[in-house]
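Both complexes shown next keep subunit A, but they swap its partner, so subunit B is in the first and subunit C is in the second.
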Partner chain A sequence: MRLLSHNLLMCNVKGCSENNYPLRILVQKSKIIEAELNPDFLRKLVTKLDWKGLHTTLISLDFHKFPEQLAEDDWKNEEFLKELHNVLMQTHIIEGKLVCPNCQREYPIVNGIPNMILKDSELK
Partner chain B sequence: YQRRVHGGLMFSRKINKRTLESFLQPLDPFEDPKVHLEQYQTPPDIAAELFFLVSMQLGPEEFEGQRVADFGCGTGIFSLASAALGAEAVHAFDVDTDCLAIAARNVEESGMTAVELIQTDLLVWTPPPSEKPFDTVVMNPPFGAQETETNNGIDAKFIEKAVESCSGNVYVLLNGKSRVRIMKNCEKKGYECDLMVKDIEFPVPKIFKFHKQKTANIKCDFFRISDAK
Partner chain C sequence: FFFLMIRRPPRSTQSRSSAASDVYKRQLPDFSQEVLSRVHTLPGIAEQGPFDQLTINDYYPGQGIPPHFDTHSPFEEFFCSLCLGSGVVMSFKSHKGDQKHIFLPQRSLVIFSGEARFAWLHSIASRKLDKVDGKLFFRRRRISLTFRRIKHDPCRCAYPFYCDSQGYDPVDVKKKRKKGGEDIEKQQGISVGEITEEGSNPSELEKKYVYDVYDKIAPHFSHTRYKPWPKIESFLNGLEQSSIVVDIGCGNGKYLPVNSANLYSLGTDRSHSLIEICRERDEKFQVFSAESLQLPIRDSIADVAISIAVIHHFSNKAMRIRAIQELTRVTRIGGQILIYVWAFEQDKNFGSQDVFVPWHLQFKYEDNDVVNTSIKEKEDDEEEKASDKSKIEELDVEIDEGRKTVVYKRYYHLFKKGELESLIAELPFLQIEESFYDHANWCVRLRRLS
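Our next item is the complex of A and B:
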């Protein structure tokens, strides 16, 4: 699971409707798999995302080099593009957990696949 | 002519239905298909035909460089076809651990790093609060083809979820028996609904003791659906 997928996931436990996105990430095992950099795709992707949420996630994962707010100039910066590409598209979380900041429900990541399946008692 | 694009293969501009089919052919199928989840193996030739058709009619940009979702990915056939046609990212969703393991193997062996797997119940999953994440959605949702299984309109719910999360087109392969109900549903919701191919023969195993044949062909329809608003 890359951060590319992480931004699609929120906590859907019954009653958990605030502060349930983005999920906190606990990384136990990760690896880098190289992928070709596509600046247009990256830009399109990021404009659709909540950058503030992503930025918070990046800080929590110890990626401190990213600005709190994006500016037009950032997209012309090669270093920025490469770093962003690395964290969004190349970093694969193989084992870990996604944790809801609101209800603390843990979702396991096993073999790179996040498991979001809820128990019957957790469903609305 | 093939060009390696981040571990995957990208086909030349002259997309060939046969090359797409031969790419999908060796993928691992379901090992022990679960009837209650309606896990029917999509034949590679049908998948190739449909994806090729979309490419030809709507353009390669339906997949090339796009962010695609596969709702109910099974063993990953639709996801891998999307990746083969140049999708930059494919999010493959399914509820079943076993078929996701097979999909993971297929992704690994075909080298299509664009494909990511997510285990979730699509009836529970909700798209994130910001803009619609996907450019294109492809799906082959549960058919409602076994007589003792009630479909409960899962196909319509998958379609609604897809349109909610997709800024472009949603491509769905459905049981032909659902045609009228789905078209009515689209009209009610204000969706654009285009029946691209009718009466595709899809092999489905029959589970009842009194049925003579082991498999039957279900006539299926292939739709393009989008939010007209």
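Our next item is the complex of A and C:
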């Protein structure tokens, strides 16, 4: 699971509607899988996402090189593009957990796949 | 210009559809002009325009033609056939199983139109005599002249389930039959009976006859689901660069690689086994397992949400509505939603809307203990026999000795024409931009409004 994908996820357990995003990530194993950098594609994609949440997540994983707010110029910076691409598109979480900051529900990630199937008691 | 085609009675291995490419001469023969001048004034045919294709079939007694219907798109609706040299009984069969036999007298003209033209199979039995009103008629050599008018635009008939312009692919269906894919499983729908569950959460029915079954059959299922449907492929190929696409109920990830250079696709399915198979196919696929009625996906974040052959697994309206609500919630305003559900109206007779459709799981994909157990009497330990039997009963499967398969039942609610649209009409913020039939599914493409 890429960090880009993680930005789309939230906890939807019954009763959990606030502070349920972004999910905290505990990484046990990650992997770099190379992908071709397409600056246009990346810029358009990241612009749709929630940079604030992404940034918080990146910090929590010790990626401190990224600005709190994105500026136009950042997208022209090759270094920035390469690093962003590496961390958002090439880094995959293989083993770990996603944890809801609100209800503390843990979703295991095994073999790159988060299992987010809810129990009956968690259904609305 | 005109086409003339003369052929010997077709054998069963030949294609049923008339090949307009078998051009012999480019002019309708003179002897057909007199008949045509009379036929061309008949209602329906007069409006359609003159016939410009003629197929002549030469039948010796004992020769017939297997059940078939004329492919829709090459020819206009009305066609007619002149019966010369001998009378014959022609048989008709509808997709619902109704049968009719009509005696075509010598020197008669039969005109096909409407339902008989588009949706019934016609055939002539391979025999030497016919029985008409209790009397026996020995056939003589019979020559039929079938006149058609070539069509130059797609067919827009009211029988999409047989229509090659509207998604029916007869060649594909035959291929699938051989491979034991989707079509074989539609052969017998076992009626479910009354559904009484009212709630909007998955019930025991979904758990036993959808979730558990898919987990069980996942590798075999994936093996038979390899070809993306063209309309869905072209929809995905036409999306803007960097579109975020969520595939809710992605199965084995069939659509995740489509247009992958331009799109960011995320797939989710309730079957963790199927999701694992996705990842086996490509470790870059972004997939996770989750409940589609309560998605762990943020509001308004996707450009497109697709739900292909999923919502028909929910046994009541409340769940089906909820599934559509979730698709809407995760899609941004102005984004699109594509939904495909199995149609009740298709060339297999299902009998009722709520059915169990069998899945034949080949022994090689099944656990040994299920395969080796049978409900027949054995000289086994009484206790062992009882617990084995209850395992089979709990699974609600049958062993098909002949096909060497374990037969699972999957629950489906088949949608009637207009049913999907009426569900959507009950929800706010959705506009139907396209509504169509494709490969035995009813489909809609929606726009999420503010």
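Operating definition for what follows: the second predicted complex is superposed on the first by the 124 of 124 C-alpha atoms of A that agree within 3 Å, B and C clash if a C-alpha of one lies under 4 Å from a C-alpha of the other, contacts with A are read in each partner's own complex, and residues count from 1 in each chain.
By definition in this document, contacts are C-beta pairs under 8 Å (C-beta built on N, C-alpha and C of every residue); 3 or more make two chains touch, one makes a residue touch a chain.
None of these values were measured; they are calculated from a predicted model.
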Superposed partners subunit B and subunit C on subunit A - clash or fit: clash
Which superposed partner A:Lys48 touches (first subunit B, second subunit C, both, neither): both
Which superposed partner A:Glu106 touches (first subunit B, second subunit C, both, neither): neither
Which of subunit B and subunit C A:Ile117 touches, first, second, both or neither: both
Residues of subunit A at both interfaces, subunit B in one complex, subunit C in the other: 1-2, 4-5, 8-10, 12, 21, 33, 35, 38, 40-41, 44-45, 48-49, 111-118, 123
Residues of subunit C defined as touching subunit A within the complex: 201-202, 241-242, 244, 246, 261-262, 264, 266, 268, 270, 272, 275-276, 279, 283-284, 286-291, 293-298, 301-303
Complex contact set, residues of subunit A against subunit C: 1-2, 4-5, 8-12, 21, 33, 35, 38, 40-41, 44-45, 48-49, 92, 107, 111-118, 120, 123-124
Subunit B contact footprint on subunit A (complex, rising order): 1-2, 4-5, 7-10, 12, 21, 33-36, 38, 40-41, 44-45, 47-50, 89, 111-118, 123
Subunit A-touching residues of subunit B, taken from the complex the two chains share: 5-7, 65, 67, 88-89, 91, 95, 97, 100-101, 104, 113-114, 116-121, 124-133
